[in-house]
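Structures given as structure tokens follow.
You will see subunit A twice below: alongside subunit B first, and alongside subunit C after that.
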Partner chain A sequence: MQVFKAYFKILRDSIPGLFIYLVIFIAISFFLSGSGKESTATTFTKNKVKIAVINEDEGGLGEGLKSYLSQIHTLVPTENDKEMLQDQLYYRNIEYILFIPKDFTNKIKNNEKEHLCENVKVPASYTGKYLDSQVDQYISTLITYVIAGIDDKQALEYTKSDLEKEVSVQLLNESISISKADDYYYFKYLPYIFISVVVMGISPILMTFYKKEINERNLCSPMTLKTKSIGLVAGSIVTVLGIFVLFLVFAFFLYGKNMEFEKTILYIINCISFLSFATGLGYLVSIFSSNHNILNMITNVCGLGMSFLGGIFVPREVLGEKVIALSKFLPTYWYVNAVEAIQEVKINPSIMKEFQINIGVQLLFAIAMFAIALAGTKYKSDARKQVS
Partner chain B sequence: MFVRLFQYKVKRLFRTKDELFWCLVFPLILGTFFYMSFGGFQDKQETFQAINIGYITTETGKDEDFDQVLMLLSKDGKDQIVRIKTTKEEEAKKLLLDKKIAGIIYNTLEVTLTVNGEGINESILNSFLNQYIQKRETFTKIAQISPDKLNEVLELEFKDSSYLQEIRFTNASIDPMTSYYYALIAMTCLYGCFAGLSSAIDIKANMSTLASRRLVAPTNKMKIILGDFFGAVFVQFICTLITVCYIIFVLKVDMGQKINYLMLTAFVGSLIGVTTGLFIGSIGRQSENVKSAIVLAGTMVECFLSGLMVGNMKDIVERHAPIINRINPATLIVDSLYSLDIYDTYDRYMRNMISMLILATILCIGSFLAIRRERYASI
Partner chain C sequence: MSAAVIKIENLVKRYHELVALDHFNLEIKEGEIFGLLGPNGSGKTTTINCILALLSFDKGNVEVFGEEMAPNKYHLKQDIGIVFQNVAVFNELTVYENIEYFCGLYIKNKQTRKQYVEEAMEFVGLNDFKSFYPKKLSGGLLRRLNIACGIAHKPKLIIMDEPTVAVDPQSRNKILEGIVELNKKGATIIYTSHYMEEVEQICTRIAIMDKGKNLAIGTKEELKMMIKTGETINMEVLEIEDKNLEEIKKLPHVYQVEYKENKLHIKCSKGKHNLIRVLDYMQTNQIAFGRVYAELPTLNDVFLEITGKELRD
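Coming up: the complex of A and B.
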């Protein structure tokens, strides 16, 4: 109890610092969950893109292409001024520019197929690829009709009506929504936040206890190492729970309306198992790091490393096979797995088993961390090793 | 005198392991993480992996042509696009539920697709089917209107042609992942704040013992400040260059051709990093630990907003709060590197550079005002 109380006395002192971290990371988690939604390519929901079409075609086919695009996207009227277009593109007022040259109709009629149009797009963007494929499909259909000897007007009409045909996409189950809910993104990004906040929150306090002189002094007391460790671990757990409640309240505040009870419970279980790992990590780090700076280093490397490799910041589909194999050794991998499973629990109850496995693995990681940490305390308490 | 002070600062910085970690080792580690995370991305795109599907068809009413096309596409070999895992409906549904397949293609009375959520593979299937349906429509029409041309048209279909030509204002090729590396360079530059912070601590007698000792000496204070400052910028610049070299030569990321400008950006970036640290170090009386926490967290947020964790963060900020992009040093650095790559004019590049220089000047003047005339008779 003595140690437990002392822990909180030190915590009270470090609250201002901790507060800065909390505010920053709450803000980051808010941004991250918002951006996660925006950065996933939505394919089944058609979104309008702001585009500019510079049509200089002397025949009628260019106008057809332009009017087709204007129906499915937002056409921003512009002049053909390179400087101005660059600016518009730079500030994202336009995301795609299509130039239809003078001889567009002529080239099609003469059966030329290379470089009929030119385009400028936001480098490496989903919208760019999306529009490319639409324009490609349009031109190729149009060419087919023109070559078949159908007159221009008719060809344009046919092309338009053909491109309106789309395969009907059904969902396996009525209750799946095609795009992920906001809470998915919020909880997916939490491990990064948790590692940073938890380690930066509890480790400085624990470090005070493991400072060489203080540790040596404490070792002289009749209090057993076990009692002391229990006090510290209990203190850490209470702090971490406090942090967790804060983030949970924030989640409710943001997404409370749409969150279902069952999902929420599973999220909480998942978070707690990850937090126990993070607590273990914080405990371990505090024993082996001697100052604040080293703490910062370890937190950042672990936090970012586990997030990138575990598939939090980048979708797992993007990661290479070897990286995925490696990431199985990181608790973040299992956390993300569990979050994915939670999304499907409602339509596929059999996935619960997988969820349990994911939780189990995370808990094993946590136990391992605590085991190493406690072994470390024992090692550090050995008088013979204290000489230096 | 100045040279000596400069020399001491450089030596001191290269010997402080903690700071060297942030400025040198951390960017290299993070760059390696990036490489591991996205390095496979290119391979994945090039060696396209066949998508697992379920294919349900009935003997009557099915689209024979589609059947043939799909059989062609699912043949083992280099051009395989789909892999048919099952043709039984119940089994397919079970597999789809467990996400073992990306979708079920039905070829009964019409061609339809059933998916379980969205993703890259799902959208490939969707666009493939759309293309098929649209082409089928086209050919049916042509077969009705002018059947004699059908062969000619079909022949054309099997020729690959590129209707679109992408033009850029320069001819650099931009990889979707390059923005992460730009943000990484920005981060490295801004980590100059640690060197800047230590420079400030080293001349504030109330902050460190070293400073109280140094300020007793009759050396001109301005000389000390300048020596420390330029030493810090120099070391930071070297660290940034090492990171850039690592990215270009070891990780083999294409950073464009304009190496000189890249170096200039790195230099101005380092300058702004150091001045940020100097400024935070000069104002207020918080302990060194608190200050370094503020500096680190602040830099992290700046880098986050410029796209270090999520590549398209910069665009999102541009849409919602463009003012942040104009004053956030990390975004300014990323933007300068970007504009080097995508524009042939240097207008935007210069605009970013000037913004950075103005920011650096403001921070510099601010810290100078905070430090000047600080004297202690006894401390």
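Coming up: the complex of A and C.
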């Protein structure tokens, strides 16, 4: 009981620092949940831009260009008044002004490709680039037909017809375009937060108890090793559960309305499995790190490394085959797998088996961590030549 | 005759090639303040660690309260208090919480524990620093906290491993007075140090250690009796010739003469009228001298003579 009580007295000292971590991580998690989502738009539609076309062409081709643009954009009627046009552009009533000169048709017939039109646009705007591209595409297509000797009217029709053609695009990997629920992103990012907060929460306390002087004073007392270990394990479990409950409450607060009961239970099982691993990691780190700087370094390397390689921060689709093969040796890979399985469990109940395998592998990682930590404890004890 | 609290027989401890304890023997009786005196690396801390079962050893036997000591002898540990050389407290806990934690490892009753903690704070003079964190304490106060954590549970045997290292004189005196008081209250104390003055001041019996061996054991008077030096006569002399030094060395009981930085040190074996004979010689030979004083042998002299080197080497 003394160790258990002392555990929380020591934790009390680190709570302000831990709280800052929690707030930052929750904010980042919230931010990442939003930014990580794919766009809800699954089809491409052309955007309409407000434009003005001043057509002074004496031939008919300029009118054809104006007519084409009016079909795909919003044509704002305006006079050829420089000051008024500048005002319209300044107030963004129009975003692009196209001037078609008197000799536009003649130039096309003479196969002149440079400076056929002039334009004024909002500087460095994507709409400007978009319009430039469309005008260039129209003119180059038109020139092709006119030079080929086709009469003006026919050339305009062919050009219009060509540019109206659309190509159907089939994405090779449909999963990119599947829209996920908000809670998916929240739970997907949790391992990074868990590794950081759990390791930073429990390792410094365990390190304090494993400090040579404190450890020796404890060894000299009538407290058995078992009692001490129970105190530390109980303290760690309560701390980790506290952290988990905090994040779960936060998840309910944000997504509670949309979270289904079955999914929630599976998320909880997945989180507990991963937290077991994180606790083992915290225990292991506390044995081998001698100071807080090393602890911070290990936490960052483990947290970020496992998150990137395991497919938390970077979608698996963009990771190389070798990286994915390597990531199978990380618990984050199996955690993410389980999160993916949870999304489909309602429409495909057979995926439960896959979910169970993912949970099992995570628990094996946790057992491995604890086993290595126990071996490490024994090694360190031997190194001190303590009687055990 | 008092019972033996500690009995060490033929203890051998090796760190690879280094023999830290070489067939070391020791017996400490109940009610003693026993000093383990020796230079750094002589094996004092290794001895303590073997007594506490913190270290395994290669050969020999260690008995505490008449029973063989082992890591799982928790009933023996119940009556032992330890004050380590390095301060062993939680930096994250206050003075009170630290003492309460370590006392709580021994005393389960909450009320008794509270009373003991308060008595320990009173004893080391840390009442005004109850809610201070160790980092806010001075070196001396930190050492006192280290002591309070080791003695709060009122152990029968207290082992203090160099508790006054890097402590200011005021705190050192307070600590030494406290040790004597603890002894008066019935605790047996093992005190290791390389400060001979401290050991001489408080210890009832002393063992001199070097290279893992127990070189001599006894009260300070007994130890001083073991050596040749009876007294050292020191004189301030501005000028003296080598032939005079040779003649002084030939005086009865004088066995060593040293002249350094205008000071003449004459070591005499036990005998009467040594000082008078030296003064007579100086007057007869018209050698001018200033301040004269004679010193009885110290533990450093004992150590020097037994080991051939200074205690702080």
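The rule is simple: the second predicted complex is superposed on the first by the 240 of 388 C-alpha atoms of A that agree within 3 Å, B and C clash if a C-alpha of one lies under 4 Å from a C-alpha of the other, contacts with A are read in each partner's own complex, and residues count from 1 in each chain.
The working rule: a contact is a pair of C-beta atoms (placed from the backbone, for glycine too) under 8 Å apart; a residue touches a chain by one contact, two chains touch by 3 or more.
None of the values given here were measured: they were computed from a predicted structure.
By the touch criterion defined above, A:F288 lies against neither subunit B nor subunit C after alignment on the C-alpha atoms of chain A. By the touch criterion stated above, A:F313 is placed in contact with subunit B alone, subunit C being left untouched.
Of the two partners subunit B and subunit C, more residues of subunit A are touched by B. Within the superposed three-chain model, A:E321 lies in touch with subunit B and out of touch with subunit C [touch as defined at top].
Of the two partner chains placed around the shared chain by superposition, subunit B is the only one that A:N296 touches, whereas subunit C remains out of contact.
In the overlay built on the shared chain, the residue A:F250 is in contact with neither subunit B nor subunit C. Contacts of A:V167 after superposition: subunit B is touched, whereas subunit C is not reached. By the document's definition of touching, of the two partners only subunit C reaches A:I10; subunit B does not.
No residue of subunit A touches both subunit B in one complex and subunit C in the other.
Here subunit A touches subunit B in the complex through residues 16-17, 20-21, 24, 27-28, 31-32, 34-36, 38-44, 82-83, 86, 90-92, 99, 113-125, 132-133, 135-137, 139-141, 143-145, 147-150, 158-159, 161-163, 165-173, 176, 178-180, 192, 291-294, 296-297, 300-301, 304-305, 307-309, 313-314, 317-323, 326, 343-344, 347-348, 350-351, going by the rule given at the top.
Chain contact summary for the complex, subunit B toward subunit A: residues 18, 21-22, 26, 29-30, 33-34, 36-41, 43-44, 93, 96-99, 104, 110-123, 126-127, 129-135, 137-139, 141-142, 145-146, 149-150, 152-153, 156-157, 159, 161-169, 174-176, 178-179, 289-290, 292-294, 296-297, 300-301, 304-305, 309-313, 315-316, 318-319, 322, 338-339, 341-343, 345, 348. Interface residues of subunit A facing subunit C in the complex, by the touch rule stated above, are 1-2, 5-6, 9-10, 13-14, 208, 212-214, 216-224, 385-388.
Within the complex formed with subunit A, the subunit C residues making contact are 15, 52-56, 70-72, 74-75, 77-78, 80, 82, 84, 86-93, 97, 101-102, 104-106, 149-150.
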